[in-house]
Amino acid sequence: MSSRIEILNDGGYRSDGRRQYELRSIDIDMSPQGTADGCAVVSHGLTQVQVCVFGPREARKRAETLHDRAVLNVEVGVLPFSAGERRRRGRADRRILELAASIKSTFEPVIQTSLYPRSQIDIFVSVLAQDGGLLQACINATSVALASAGIALGDLVCAVSGGVHGTFPLLDLSALEEGDLPNVTVAITPRSGKVTLVTLETRLHVDRFGEVFARACEAGRVIHTEMRRAVRARTSKLVDAMGAGTKGTGEEDVERDVLMSEINDF
Amino acid sequence: MVLDDEDFAEGTQKLTCPGEPITSSHAFMRGHGTYVDNEEVIASVAGTIERVNKLISVRAIRARYSPEVGDLVVGRITEVQPRRWKVDANSRQDAVLMLSSVNLPGGVQRRKLESDELQMRTFFEEGDLLVAEVQAFFADGVMSLHTRSLRYGKLRNGQLITVPPALIRRLKSHFITLPCGVDLILGLNGYIWVSKHLKQNEQEGEDAFDAEAVYSNRNDDIDDATRAAISRVSNIIRILGAHFVPLTDTLLLDAYEWAVEQEGGVKDLLNSDIGDALVSAVAARS
Amino acid sequence: MPRPPSPSIPEKEFLYGSLKQSLRLDGRNPLEMRTPTLTFGPDLGWVECAMGKTRVIAQVEGKMVKPPPERPLEGLITIHSELSPMASSEYESIRPSEEEVTITRMLDKVLRRSDVVDKESLCVLSGQRVWHLRLTIHCLADAGNMLDCACLAGVVALKHFRRPEVEVVGEEHDPSERAPLPLSMHHTPFCFTFAYFPDPTILPVLDPSHLEQRLSAGLMSVALNAQRELCVVQKAGGMPLDQQEVLRIVDVAVGKAKELDKLVETRLKEDWAGRTVEVR
Amino acid sequence: MTLVLPGEQVPAQHVNLKLGPGLLQLSSANGDSAIVATRAGDLNHSANRSKWWIESNSRRYVPAPQESVIGMVIARSGDNWRVDIGSAHMATLDGLAFEGATRRNRPNLKVGSLLYARVSLAHKDMEPELECFDAQTHKAEGFGELKGGFVVHCSLKMCRLLLDPKFFLLPLLGARFPLETATGLNGRVWINAKEARHIIAVSRCIEAVDPDGGSMDEAGIKKFLGTLDI
C-alpha cells in the first residue's frame, strides 16, 4: 500500500504531530455502568474500548465449571460504526474470536482464579471506536475493569503497540501507521517486568524486532503509571464517600465495636 | 514500600492497587487480598490496607459479597433442585437453601415428607425473593441458608434495590421500620428489600405460623401513599448507593425527612442535582 | 461427547519432573524438533507432512478467475483449513474451539498475510484473468504441535506446486506447450512453537508433544524465514516470560529455520529429480 | 488358527458352547442358530472346542467383569467417585470399595488421581462399576491408588502381551534396572522406577513393541535399548 502521508518526517514528527516514542493521550474512566461488577472505558487517542466485568458468579453452564478455579469467559463485540468504514462483524468472525482468545489467555494466569472455584468471570468487551491499537486498548481496559470489580489479580497488565519505520521504532500506532508499518503489540506485567503477550503480524527483520520490543516494554511502564493513578483515584474517591457517610454515625460504630467485643468474649 | 507502625496511625487509610508491594513477608503475614511473591506481601485487589497485629490484608473497595455465618441476606431463587433451592445472593456462587432448612406449613417442628419434596415449587419457585440467614458453609465454599425464623421467608409487598455490598454495615438489626410506613430489610449482600409495613402481630403471625401468608405469592392491598413512600425510599437508596454512601437507619431517616421537606415529586429525586443535594444534606446533618 | 479428561496427577508430576532434568518423554532434547517427513503425491502441490504421529495433508490447486475490481493486478489466494474431530477428539465439528481459531488464524497470517506468494505474478491479463490459488490444509491426526506441521505442509505445498503457463489469445486462454511454472515466492516462512511450563526453572521446549502441550502454561509461536525475517510472533497470554527469554526463543528459531529450510529444499529437489513432468 | 472377518460364519458347535469376545449367536425364525464373527481377528478355541473367541487388537476398551483396569478420578459425586477408564462411559467407584474403608474413614482421592481397580460390574445398559478390593476378603490385593510413576497408553493387545509372563519385554527391562508396573486391560500401563530416564525408557520400549505401533521384536528392542541412556 502506498501512502501519500509521511509516517515520520525529517523533523522527527509523525503524521499526527507526535514524536517517535510519544504515546497518545490515555483516558481511563471507571465509573459504574449498569449492573456490572466492574467497568472501565479506556481511550488511547481515538481508539475507545469499554469493558464490563461480571463475577465471580455462579457458572452458567454447569458442565464447564472447574472444581479448582474459576472459568473465564470473554466476549468481544465490535460496533459496526467503530471504524471509518461501516462494517458489521459477526460474533463468529475469526478475528474477533482470536481477539477474545488472546484476552482470555492473557488474563487467565494473572487473575488468581484458584480463589474462586466453580465460579465464572465474564468479561464483555465492546469496541466503541477504532483508530489503531485495538488489542492494546482491549487489554488495558480489561485490566482496569477487573481491578474495579475487586477481582484478585497478580498484577495489572499493560499493553502497548509499536512499529518500525525504516530503522526507527515508533510506539502506540494509529490506524494510519498500522496499515503501513510492521507492528508489534506487547503486554507486560509491570511488577516483574515480564512479558505476557507478544504479537507480530507482518514481516520484520529479527534485529529490528529486538529494538521495538524493548521500547514497547518500557512504554508499558508508562501506561502502568496512568492505570495505577486511575485505579487509585477511583479507590480513594469511593473510600472518601464511605468515610463521609459514616462520619455522623459514630454512634453506630461504637455500638458495633461493643457488639464485636461481646462476640470475642465467647 | 515498607510499612511502619506509624503507617497505621488512626484515621489514615492507606490505599493500594493490584500488584503493589506492601511490605516484607518476613515481618508480616498475608491475609485476604494479598499474595506473597519474592519475599514480599503484594496486594491483589484495589482497596484499603488493613493490619491486625502481624496480619496484613487488603479490603477490596468493590467486590462481590463474601458471606459469613450469621449474616442476613436477601436472595432470589434461581433453580429448584432435589431437596434444595439454589439462591442468587450476589456472591461468588449461588447459595443453597435446603428443604430441611425452611419452615413448612403445619408446625415448625414437622418432619419433612416425600410429598414436600414433590411440591417444593409451592413454597419457593424460580424468581421468588426471600430473606434468610447464612447457616453454614459446604466443603466447596458454597453458603447454606436457612429461613427457620418467623422473620425470614418469602418477600412480597415491595421492591428490591441493589447496592454494592460494602455499603451495608453489620447493624444491630437489619429489619428497619421507617415511620412512613415502610419496612426495610438490609441484606448484607447488598440486596435491599423495601416493602409496605406489616403490623407486629401480622408479622409474627399467631402462635402457629400461617403458611398461607408465608408462602403466598399475592401482594396485599397497598394504598397510593405507601406506594409513593416505597418508591421514595427506593430512590433515596439508589442515590446513596450511586454516591457510595454506607447505609444506616439514622442516615436513611435523615434522608427521607430531607426528601419530604423538599416537597418534590418522588421521581425528581433521581435528577442528579437533587441527588447531589441530598447526599451533601445528609452528610451535613449528621 | 465430553472433552477428554486432563492428564492425571502422576502424569503431570512425572512430566514436570523429567523436564526439570531436561529429559523428554520421547527422548528428544528440549530444543529438538521431531524431524518432519514429507511425502509428495502424484500431483504437483500435494504434500503430506508428518511430525511424529501428527499428520497433515496440504494441497494446492489453481484456476483462472476474473479479479475483483479493486485489485485488478493481483491473483487470489485462499486457505481452507479443516480441523475435524478426526484429528483429535478435542476438536468439535460444530463450534470452532479456541485452539482451532488460533491455528486457522496463524495459518492465514503465516501463509497469506506475510506475502509468501507474489500475487502480482499470478496476474495473466490485467482486470480480466488472474490465478486463484486454493490451499487446502487437512489435519489428519493431532499428536501435538499441529500448527507447525500445518504451516510446514502448507508452505511446502506452495513450493511444490507448478502452475500451467498460459497464453492469452484474444478472449481465450489455453495451456501452452511450455512446461508448468513454479510459483514466484517472496520467501519461505517456517513456524516454530515453543511450550513453556508453570515452573520457571523448566526451560521451554520446542515442538511440544500432545501431553507437553496439554500440561504447558502457554505457547509461543515464531514464524520466520531463513533470511532472519520474522513473519509472525505470537505469544497470546499464558505465563509471563522475561524479555530476554523472548529474544532467546526468537534466536533459537532463527537457527532452526535455517536447518528446516535446507531439509525442505533437499526433499523438494529429490522429488523433482524423480519426477518427469509431461509437456503437452 | 484361522483369520475371520466380521460376518463370517464360525464352525463352533458344542453341547456346552461358550462364546467369547467377537462372536455372536444369530438365530433365525426356523430355529437354527449360527455363530457369526463380529470382529476381524484370529479365531481361537479351547482344547475341547467348547469355548470360542476371537483375538484381535483395538484401542477402545469395552469393560468386562473381573478385568483389572487403570482409571483416573474425574469427579466426586456424593459418596462415589467417577472414574475414567477409557471406555465409552465413566465408571463409578464406591467410596467404600477399598480395603479398610469405613463411613468415617474414606480414602483421600483427589481429582486426577490414578487408580488400579477391578471392574465389578459391566453391563451394556449400565455404567461400569469398579472396586479396589476383593469383595469377599475385603483385602486390597494390590488394588488402590497409584502414586508417582507414569502412565503409558498402548493398544489392548499390548496390555494382554505384557500380562503374559512368558512375554520378553518386562523381564528384559527388569534385568537392566528395578521397575514396578501395573497393567490395566484398558490399554494403560503404569510404570515406576527410581529414575525418570528409566521410566522414559520403559515407556518408549512399550511404544516400540506395541503391535499397533512399532511392533519391534526382542532383538530390535535389545538394539534399541543400547541407544538409550540407561
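Labels A, B, C and D are assigned to the chains in the order they are written; within every chain, residues are numbered from 1.
In this section, a residue touches a chain if its C-beta (ideal position, glycine included) is under 8 Å from a C-beta of that chain, and two chains touch if they have at least 3 such contacts.
Chain labels with UniProt names: A = Ribosomal RNA-processing protein 41; B = Exosome complex exonuclease rrp4; C = Ribosomal protein S5 domain 2-like protein; D = Ribosomal RNA-processing protein 40.
Please read these numbers as outputs of a predicted model, since none were measured by experiment.
J.: Return the chains common to the contact lists of chain B and chain C.
T.: The shared contacts of chain B and chain C, listed by label, come to A.
J.: Name, by label, each chain that touches both members of the pair chain A and chain D.
T.: Chains in contact with chain A as well as chain D: C.
J.: What chain is most central when centres are computed from CA atoms?
T.: That would be A.
J.: What chain lies farthest away from chain C once each centre is taken as the mean of the Cα atoms?
T.: B
J.: Weigh A-C against C-D on C-beta contact pairs and write down the one with more.
T.: Per the contact counts, A-C leads.
J.: Quick check: how many Å separate the C-alpha centres of chain A and chain B?
T.: Taking the average C-alpha coordinate of chain A and of chain B, the gap between them is 31 Å.
J.: Compute the distance, rounded to whole Å, between the mean C-alpha positions of chain B and chain D.
T.: Each chain reduced to its C-alpha mean, chain B and chain D end up 56 Å apart.
J.: Taking the mean of the C-alpha atoms as each chain's centre, how many Å separate chain C from chain D?
T.: It comes to 38 Å between the two C-alpha centres.
J.: Residue numbers in chain C touching 2 or more other chains?
T.: none
J.: Give me the residue numbers in chain B that touch at least two other chains, ranges are fine.
T.: none
J.: Hey, what residues on chain A touch two or more of the other chains?
T.: 67, 189
J.: Would you pull the chain D residues touching chain C in the complex into a rising list?
T.: The contact residues of chain D facing chain C are 72, 74, 84, 110, 112-114, 146-151, 190, 196-197, 199-200, 203-204, 228.
J.: For the complex, which residues does chain C have touching chain D?
T.: Per the stated touch rule, the residues are 5-15, 17-18, 21, 23-27.
J.: So in the complex, which bits of chain C are touching chain A?
T.: It comes out as residues 2, 96, 98, 101-102, 104-105, 108-109, 113-115, 187, 217-218, 220, 224, 228-243, 246-247, 250-251, 254.
J.: Name, in rising order, each residue of chain B that touches chain A in their complex.
T.: 13, 15, 17-21, 33, 35, 37, 42, 44-48, 60-64, 78, 86, 88, 92-94, 140-142, 162, 166-167, 169-172, 240, 242-248, 250-251, 282-283, 285-286
J.: Residue numbers of chain A touching chain B in their complex, please.
T.: 32, 35, 37-38, 55-58, 67, 112, 116-119, 147-156, 189-191, 228, 231-232, 234-239, 241-249, 251-252, 255-256, 259
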